[in-house]
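The two complexes that follow have chain A in common; it is paired with chain B in the first and with chain C in the second.
Let's look at the complex of A and B:
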């Protein structure tokens, strides 16, 4: 990969994950409004919200330095993680620097940043939200890790580019199909939408982890949440369904955006037609799914 | 820097998040406020939504006469809201005390405690009245009352 195409794909990845994510959130809100037979906000509403919050006063509800820095950490780690996902072709831009383990580390940092912010904000609702988020993260991250390791065993390499290239060439086998299904079933928990938005539950604990944040910090965490949704949809669509891939950079990006739109539409349908789970129900669901996805590793070790 | 500030201030008109404070209302105004979130009135098409923490809010909607036990809470909720913020007094009681204006346990209208930007009178105000008031605050619809000029009060 020469320097120009590396630069281009870095730009495309950051553009899709960070700058287009409020547009996808606006799409989600519009679809939800149409399902509830409302008119709904304009499609650019999420941009307005973020820009407005950036200009608001930043109230310092606590002197804890962790509270001041961790919201910005979450946006930065999302941008870093986006460079390890292939959007413009078979290889992610930073394929050389990072493998699936680095990807899982960085993705976990996003959740950790939110948990640290909530724990430092000295609010009982935020404590409840932080502990729920921690339980949810510990139960759902293994599923993605196991699915990626299944791909690594199949491809014989830990690099995301090699996994995608192998999957694209040799087509699905039993273990990869099982991993794909497991990731799809856990996608709603990964992106934190309604059956699993237990940590932010607005009606129950008043947006839990986000309750003490105001102004730019709140904008950053909202933005990080939106970008996280797009990022996990990209993980699912680009690593676990890497078809079709052409030689053209622009065409590949458009196909990726189309796939992400479909996945976000499906997850919005699930979101608006389902109630929120309790934390014990969500843990049970996730742990069952994690146990189920372990069989994918054994199947991959058997070579099927 | 001032250019960015200007963008943020322009965006404020397009997304006003409201936090509802009840200072002893009879629930009539609260139910009418909830009405404007329903599909029939759908306030989200103006980019507004109800948030659950005053730290996220741009507008405080206060309903009810301010009773003595809630005075401190009204003050602290006003301090917990980040600038720029507006305060909307919803209903006759929040506007001037309503039928409890001389009650021993009632301080009076909200404007005796914190500055109020917009009054929406009515007992309770209809959802259309709330929408109209908020639209006036955002500048979508023009004010129908003539401004107080000299000819109205008798000067030539």
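Let's look at the complex of A and C:
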């Protein structure tokens, strides 16, 4: 990969994940409004929200320096994670610099940033939210890890680009399909939407981790949440359904955006038609799913 | 080479001199002086060995006419690595102790001399190449550390933990001695190379005995390393000594057991297709301690106990790496090199951040007199640097990039999962190794959770002013933490240099031809790529520098964005949903974290309460002999007490009798004189 195409694909990835994510959020709001028989906000409303919040007063309830720093870390680490996902072709821009474990851990850093923000804000509601967020994360992370490892065993490499290339070339097999199903079933938990938005439950703990945030910090974390939605939909669509891929960079990006739109539509349907789970129910669901997804690894070991 | 003797001498001298000084600060300064001399010498020696790939060998002293044993020193890359660890951690621990020990009421006489001799024995242990003196140093290490465990003799808990520690480690040493004696009867020499030869013979001729000997070594080392279920003593013993000593225990002493496993399995036990199966055993017990140790740590509310459980879990990671390495050393040398490198690198990293975390706990104890996470909060306001260091330590132990724990964990995960691609291995073994890998990935998230709990409840949250003693921490307590945290960050950012060292350590100590460094790792200053076989290109990779540089660029963009938006900052009070609360009312204590998850992993089996898979409460033991046995083994009831009662009754009666008659002593007197008169009269026959 030469420098121009590397630069282009970095730009495209960051553009899709960070700059287009409010648009996708606007799309979900529109879909939700339609389901609930409302007119709903204009599609660009999420951009307006972020811009408005950026200029709002920044309320500071603590002198903890981490409180100032960590909201930005969440946006940055999502941007970093997006560089490990292929959007413009078979290989992600940073294929050479890290593998699936780096990806999993960068996703973890997003969670850490939010948890540290919450606990640095000194609010007990935020602490409850942080505790729930961590539990949710540690129960859902193994599912993604197992699915990616299934790909790695099949492809014989830990790099995401190699996994996607192999999958694109050799077509679906049983173990990868099973892994795909598992990732799909855990997608809502990965995104952190209903029924798994337990750490930000508005009615219960007043947005939990976000309670003390305002102004640019709140905008940052809101943006990070939107970007996370697009990021995990991209993970699902580009790694586990890597078809069709053409030679053209623009066409590939458009196909990726189309797939993401469909997945976000499905996820919004699930979100607006389901109630929120309790944390213990969510934990049991995720851990059972993780145990079940181990089957995919054994199938991959058998070579099917 | 002389540097080694000088540093050993300086530590011993330090131990002797500090034993003479009663003044706490004085002996502390003296101890720092001697440890810093030895640390400088050791670091110089170790770096010389590591960079120039040298091996120092020398026979210092021989017991030859008596026994075929000698102090045979050999410093190779593996020893040098551990010397480096000992030097860094011992210096940090001593510097930290100067102020810290003065907060205890106990005399410094029971702290500095034992801990300096502990340093000296660890230096000896990693350099010796003779089984008898290895056991001698091993025993010295155990005894000196035991004195530190029972540092607070008034505490019943400390004495109990000390007893457990003493018994457990001495049973382990007994196994070691047994193995040594059996081997000596075959080899007639204690030197490692002779032992290697005769063990090879034993394994060929009498494989049962050979495997029993390996079993003895295995039991001895894993007990000391604290691998579950042999390490039951560890969570009780490690929190007992002062935090600076715990820091050396958790950081170095349990890693020395890992060193012993590496040394024995790589250069003392001949690895053939039969002994390689021990790799699986090591990995299996490693995973058990990863799983149970770390999940049990999540349920702990006391900082030092939490870290002790993590010491168990982290040793498990090393053993997983080493076990995979030993199992595949002939089948797939590429994989084996990566796994062993990961194991040693994890031992190195762990010793740095684990001692750092124990020092953080010590700083908390120094300020608040407690390490109970339910009673401390908001300490970032009094010790910001400690909080920062604890943050680095926590993220390192959780294996978050770009800190050092990530690199070594990456190697361990990938090597255990890559066993799926090794066609020669059995299907079930491959499956088991993959399950091990996945468990360790899952547990890595749990490690993160439990250390976020530590950080969140100790350093974040509302600050309680009244519990704090004094002002800011003195530099002598902050500096060691900063040093260790810096090492964590630097080794994480530039992993290629330490990985070369780890590779050299394996190459030098093992007696098997292993692939070249450049074939396995494609390393440069930016990071490393990993090859798992000869034909494939790099299949795993970690280039921290690119990630870091782009992170810095992005964060600059976002910060400038905030600057551009120019939002006003206003200080407000915490919002409790419209109610007024005092800070004490709303503190979210450490115990409250992860309650639903703790409920999932806690259960009861047959009266034993398992808290995070670790048995925490046992039912009272009910055990009865048949009645006649109880009677026989208790002669008190049927023999002694009746007899004693009888005798004492008799004497009581006699004394009563005497007392009663006592009043009539004149009567007695008269009666007596009469009797005497009668007798005299009788004997002389009336001829008076």
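Basically, the second predicted complex is superposed on the first by the 304 of 304 C-alpha atoms of A that agree within 3 Å, B and C clash if a C-alpha of one lies under 4 Å from a C-alpha of the other, contacts with A are read in each partner's own complex, and residues count from 1 in each chain.
In this section, a contact is a pair of C-beta atoms (placed from the backbone, for glycine too) under 8 Å apart; a residue touches a chain by one contact, two chains touch by 3 or more.
Nothing here was measured: the structure is a model prediction, and the numbers come from that model.
Shared-chain residue A:56: touches chain B and chain C both. Of the two partner chains placed around the shared chain by superposition, chain C is the only one that A:158 touches, whereas chain B remains out of contact.
Of the two partner chains placed by superposition, A:4 touches none, neither chain B nor chain C. In the superposition on chain A, A:279 makes contact with chain C only, not with chain B.
Look at A:72: by the touch rule set out above, it reaches chain C but stays clear of chain B. Looking at the shared chain after the overlay, A:213 reaches chain B, while chain C stays out of its contact range. Counted by residues of chain A touched, the larger count belongs to C, out of chain B and chain C.
When the two complexes are overlaid on their common chain A, residue A:41 makes contact with chain B while staying clear of chain C. Residue overlap on chain A between the chain B contacts of one complex and the chain C contacts of the other covers 54-59, 61, 206, 211-212, 215. Taken together, the chain B residues at the contact with chain A in this complex read 4-5, 7-9, 11-12, 14-15, 39, 42, 44-47, 51-53, 55-56, 58, 80, 82-84. By the touch criterion given at the top, residues 378, 380-381, 384, 391, 395, 398-401, 406, 410, 413-414, 417, 420-421, 427, 430-431, 434-435, 437-438, 441-442, 445-446, 448-449, 452, 455-456, 460-462, 527, 529, 536, 539-543, 546-547, 550-551, 554-555, 558-559, 561-562, 565-577, 586-588, 592-597, 599-600 of chain C touch chain A in their complex. Across the complex, chain B is touched by residues 29, 33, 36-42, 45, 48-49, 51-52, 54-59, 61, 202-203, 206-207, 210-215, 218 of chain A.
Residue ranges on chain A touching chain C, taken from their complex, read 54-66, 72-73, 75-77, 79-80, 83, 94, 96-99, 101-102, 104-106, 108-109, 112, 115-116, 119-125, 127-128, 130-131, 134-135, 137-139, 141-142, 145-146, 149, 152-153, 156-159, 162, 206, 211-212, 215-216, 220, 279-280, 283-284, 287, 290, 294, 297-298, 300-301.
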